[in-house]
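This report concerns only the one structure given below.
Which chain is which? They are A, B, C and D, in the order written, and residues in each are numbered from 1.
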Amino acid sequence: MSISLPTYSRLEIPLLGRRERVWAIIATGLRREFRRPAAIVVIAIGVAFTTITSIVLVLFASFLLPGQPLNLSFFALPASNGFVLFFVSLMAAIIGSGLIADDLHSMAFTLYLSRPITHLDYLLAKAVILAPLVSMITVLPLVITALVAAFLFPLVFSWGVALQAIGLSVAVGLLLALFNTSVALFLSSLTRRKGLAAAGMFGGNFGLFIPASILASAIGNPNLLYLSPWNDYLAVASAAFGAPGIGIDWPGALAILLGVTVLAALVTYLRMKSVEVITG
Amino acid sequence: MDWTGSFRKAWVVTALTLRYLLTTRRAIATVLLALVPLILTLSLAAARVATFDVMLFQQLMIPLFLQVVLIFVTLVNATALIREEIDDNTLPFLLTRPISKPALVAYKYIGYLVAVLVVLIPPIVVAYGVTEAYGGLAFTTDLDVLGGFLATTILGSATYGALFLFISVLVRRPLAVGLLIGFVWESVVDSIPGDVPKVSVIHYLKTILKDVIAIAINPLGQYRTDVSAGVAAGVLVTVSIALVILAAFVFQQMEFRQKAG
Amino acid sequence: MNGVVEAAAVSKWYGEVLGLNAFTASFGKGITGLVGPNGAGKSTLFKLLIGQLHSDQGKITLLGEDPWNNVPLKRRLGYCPEQNQLYGWLTGQQFVETLLRLDGMPAASARTEATAALKVVGLSSAAHRPTRGYSRGMRQRAKLAQALAHHPEILILDEPLSGADPAGRVHILRTISDFAKDGGHVLMSTHVLYEIERVTNNIVLIHNGKAIAAGNIHAIRALIDTHPHAVRIETSKPRQLAQALARMEHVVSFEFPVADTLLVRTRKPDAFYKELPQIVSDTKLDVRGLESPDDSLDAVFRYLVG
Amino acid sequence: MLVETAGLTKVFGEVRAVDDLTVKIPDGAIGLVGPNGAGKTTFLRLLLSLVRPTAGTAKVLGRDIEDGVPVRERIGYMPEHDCLIPDMTGVGLVSYMARISGLDRDTAMSRSHDVLQFVGVDEERYRKVAEYSTGMKQKIKLAQAMVHDPQLYVFDEPTTGLDPRGREEMLDLVGTIAKSPGRNVILSSHLLPDVETICKYVVILDGGHQIAAGELSQLLTGATDRLRIDVRGDRDAFVRLLKDAGFDADAGPSGLHVSRKPGLEAAVFETAKSLGAEVRYMGKEIRSLEELFLELVARTEKRGA
């Protein structure tokens, strides 16, 4: 017995606005990511690893770095934890690379576009799916470390310093998260094969970081560090926490980070507008 | 086995692979990355950096060229040979031609090797030339360095290519596995004590560089290895051939069913 | 062993999913239409015939040879896959030419043969455009061109008509029947049943991995005795005509669905049609129209596969 | 008026996919047919404002396509190619698409189950779409186009690739939608018998132009005064005898064609008896949409080529 359409009443309720439609994409997208085993594993290990190493830095800091003043600048250490770079790349590669590439591969992009939303809505939703996941690596560990430090060493780190550290960690962490989200979505929009986008993420992050750091130290000309986004982030983070810089001034580094973030987002938007799913 | 027929088929498959790897959008990414060493050396020369010499050239090129560029280029190209044709459903056109599957693997591998070397060798040679010229030296002063890098590029491309080709025939998502091996295992393995590094390609590449390049200007002077360059090269060649044969054998048994429906 | 295709109790499983289940048939002369619902095993059978799969059980041969990893056999067959993906970065001409040279043909003759094949399928105008921009219909023609360019003995075509527009279908069907006229064999699967009846009456009906029926459509139709053959006749005197026709003992029933129409069911359609002119002209009954609504592949398909 | 266009043009590089198209399409079930590359898909994407026109304007359901989002709120689109998200379940995908069309979470879920029930997807709706058969995927594509209850349904090749049973089911569903009040359907298909069963009005495109449009019944009023006969036996002798008997008869690919004259039918059976031939079909020469289409396309090819 199948209900034939005529007896199945027309829908008279008004449709919700574009904000709710975008939110639907975000909510469903996040739920789908958390059901993917690979994503859960990467997030869990990433957060755990980064947090533990940061806390170890805090505990043994006084032995490891004699003379390191135990004030706000101390929190620059967890922010520059090498594992953050590794896991951010891994996260963007495993989760970010498929966000748009999969829609192009399965041609579901046509379905999204046939709904009453714009290209901008689609991209915004995808960014808001990836950004919180990436910031679980760039923000969460720093915040936890600050809390642990204030809790374990109330004498050394007053709550005032800890709160200030948390605020700065969130700001700096978000900056790195936005940068990686924008670049990951840009790479994801370029190809149908998400494997290539993932390889590009790894190639880009490490391909720039390794030579920049070796070169700068080898020839004593720090300006090359600007080329590596990770070093730009370190410059901004250390300046934010008042720690000694790494040889390049933070306004320039910040400008590069924000510039690349905005540029990548713009190019992704133009690329998505021009995607003609020609089926003939 | 008529030789003209199989030679013609070899040429056609190789040319088809070359054309695919070098003229489609994928080539833009690989060529750009392969140019990074050259751009680096040019900017160093332009910046009039005092300490820029063949020693620094090697300090830079070993981690960057051998461990990032080489791996990225070989990975992206090797996985395109068979796995991508399977995913794109274009393999039936080749499989219904009078050419055996092992031959197809072999000819595609040759096409891959040529394409990868065409992309990788010119930039590294010019980079070396720029370094020597900047130091006011003749091109031939440190031929051992150039020779070392050419040997490792060729042997590295061959071995990594065979490895990623074999993985791409075995696994449905070879890029993910290749990334883990290429970027994670190969860079971590050197810091592991004992004989573990012997199970990595980079160990033999570094061994070759260590023996070939004069001790005075060799950043790998103290590299811990107990094999000679000759043996290392031998190992890499045999491993490459073995992996290609293995890939061909697995491919021979593979069945290609169309999605249900 | 005379059939182009000989299958003896062939089974093929993908894990638990059914591919073929004790498939036994002998067919393939001239043009053979392979019809059956989705998932019945058509593509599996084709993949076995071109050697991209090997059977789990039973034996299958094409042109007398075992296709699995059989290199020389590939020279004698042309295959047209169901998917529409081509080497997007090659033009139509380069696509066919490259595959021809893989058949061992020198470059010069490969070029002329490729151009000729593209002309046969009516793709000359777009021959020098990259196949990336081809529509579905043009892709079908390009696939057909690479299948017949090297003049094989048999064409194996998986849904060669899907996505082609009516003019395209007519052209593809004409190309196929010309190929058969020159002595080639054609094995084609299709869902567009009324199309295949234009080129052949020889079909293999496959369902749940088994060959239910193989041979001439009308012969098969006549064999379906659970549904005796229906013939609708337009006449001003349906009842008198019914009386006249009742003499034939193979006539089973009469119906008068609507005014001036007689629906006759008979077990032996050939005998019925042979005797009908005699009866009509003797009784001088005016018969204005005559058609057999279910003497078609569609009916055969519906009755047998349901 | 369902769709009105004025000088609508869309150019890709040097290919003029839609070329200065001015059409007025009435409400109801509309057939859109044309050879490959005639500009059908581009025309549909222009109506959905998925692509911006190079020139000209168009109105869908009274709204200008420049408005973009409001136009798409009223349209349900069933694309021709595979477009489903493989790792989602059937009901998950349909309710997801419903929410993107502006339904709240609960209404979306309830409408999804209604619609899946209607298209005949039962407990498979809980399995992942990647495991679906072609027929099942087409039903999900239809379901996602229906779930937000649009006024205009755009079906691009809904029956291509389906086996006969799947095709029959899909035609029933599309037919039911087309017949329901307040719903308009634009059906673009190469299977013209399908268009004949569903649509009343047809627009025929070729090379980006409209080469014919009108009520199906008018377009197909072929020559009723000719009879088509399918003869088994000596066809040439049959034609000769009919000609001797004063009937103008000729043999075509689909049988003999004889212009109707009194006493023709009796003569046919007389001839059949005398030759021992069989008459398998005798009826009026019905012109199918396909024959009309092939004629029109051939005529433009001669002019255009």
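Here, contacts are C-beta pairs under 8 Å (C-beta built on N, C-alpha and C of every residue); 3 or more make two chains touch, one makes a residue touch a chain.
On a predicted model such as this, the values are computed, not experimentally measured, just so you know.
Undergrad: Quick check on the contact network: minimum steps from chain A to chain B?
TA: Minimum number of steps from chain A to chain B: 1.
Undergrad: Per the definition at the top, count C-beta pairs in contact and tell me whether A-D or B-C has more.
TA: Higher C-beta contact count between the two pairs: A-D.
Undergrad: Could you give the separation in Å between the centres of chain B and chain C, each centre being the mean of its C-alpha atoms?
TA: Those two chain centres are 49 Å apart.
Undergrad: Let me have the rounded angstrom distance from the C-alpha centre of chain B over to the C-alpha centre of chain D, please.
TA: Measuring from centre to centre gives 53 Å for this pair.
Undergrad: Chain C to chain D: how many Å between their CA centres?
TA: That gives a centre separation of 23 Å.
Undergrad: Any chance you could list the residues of chain D touching two or more other chains?
TA: 36-37, 133-134
Undergrad: Give the residues of chain A that touch two or more other chains, as numbers and ranges in rising order.
TA: Each of 278-280 in chain A touches at least two other chains.
Undergrad: If I count partner chains per residue in chain B, which residues reach a count of at least 2?
TA: Residues 260-261.
Undergrad: Where on chain D is chain A touching in the complex?
TA: 12, 36-37, 41, 48, 50-51, 68-70, 72-73, 75, 77, 79-88, 96-97, 99-105, 107, 111, 114, 117-118, 120, 144, 148-149, 176-177, 179-182
Undergrad: Within the complex, which stretch of chain C touches chain B?
TA: My answer: residues 14, 17, 19, 38-39, 43-44, 47, 50-54, 69, 71-72, 74-75, 77-79, 81-83, 85-87, 89, 98-99, 101-104, 106, 146.
Undergrad: Along chain B, where are the residues that touch chain A in the complex?
TA: So the residues of chain B in touch with chain A come to 25-26, 29, 33, 36, 40, 44, 47, 49-52, 56, 59-60, 63-64, 67-69, 72, 75-76, 79, 84, 87, 173-176, 178-179, 183.
Undergrad: Help me check something: in the complex, which residues belonging to chain C touch chain D?
TA: It is residues 36-39, 135-138, 159, 162-170, 191-194, 234, 270, 273-274, 276-278, 280-281, 284, 286-292, 295, 298, 301-302, 305-306 of chain C that touch chain D.
Undergrad: Over in the complex, which chain B residues touch chain C? Could you list them?
TA: Contact set of chain B toward chain C: 5, 8-9, 12-13, 16, 19-20, 23-24, 88-90, 92-101, 252, 255-258, 260-261.
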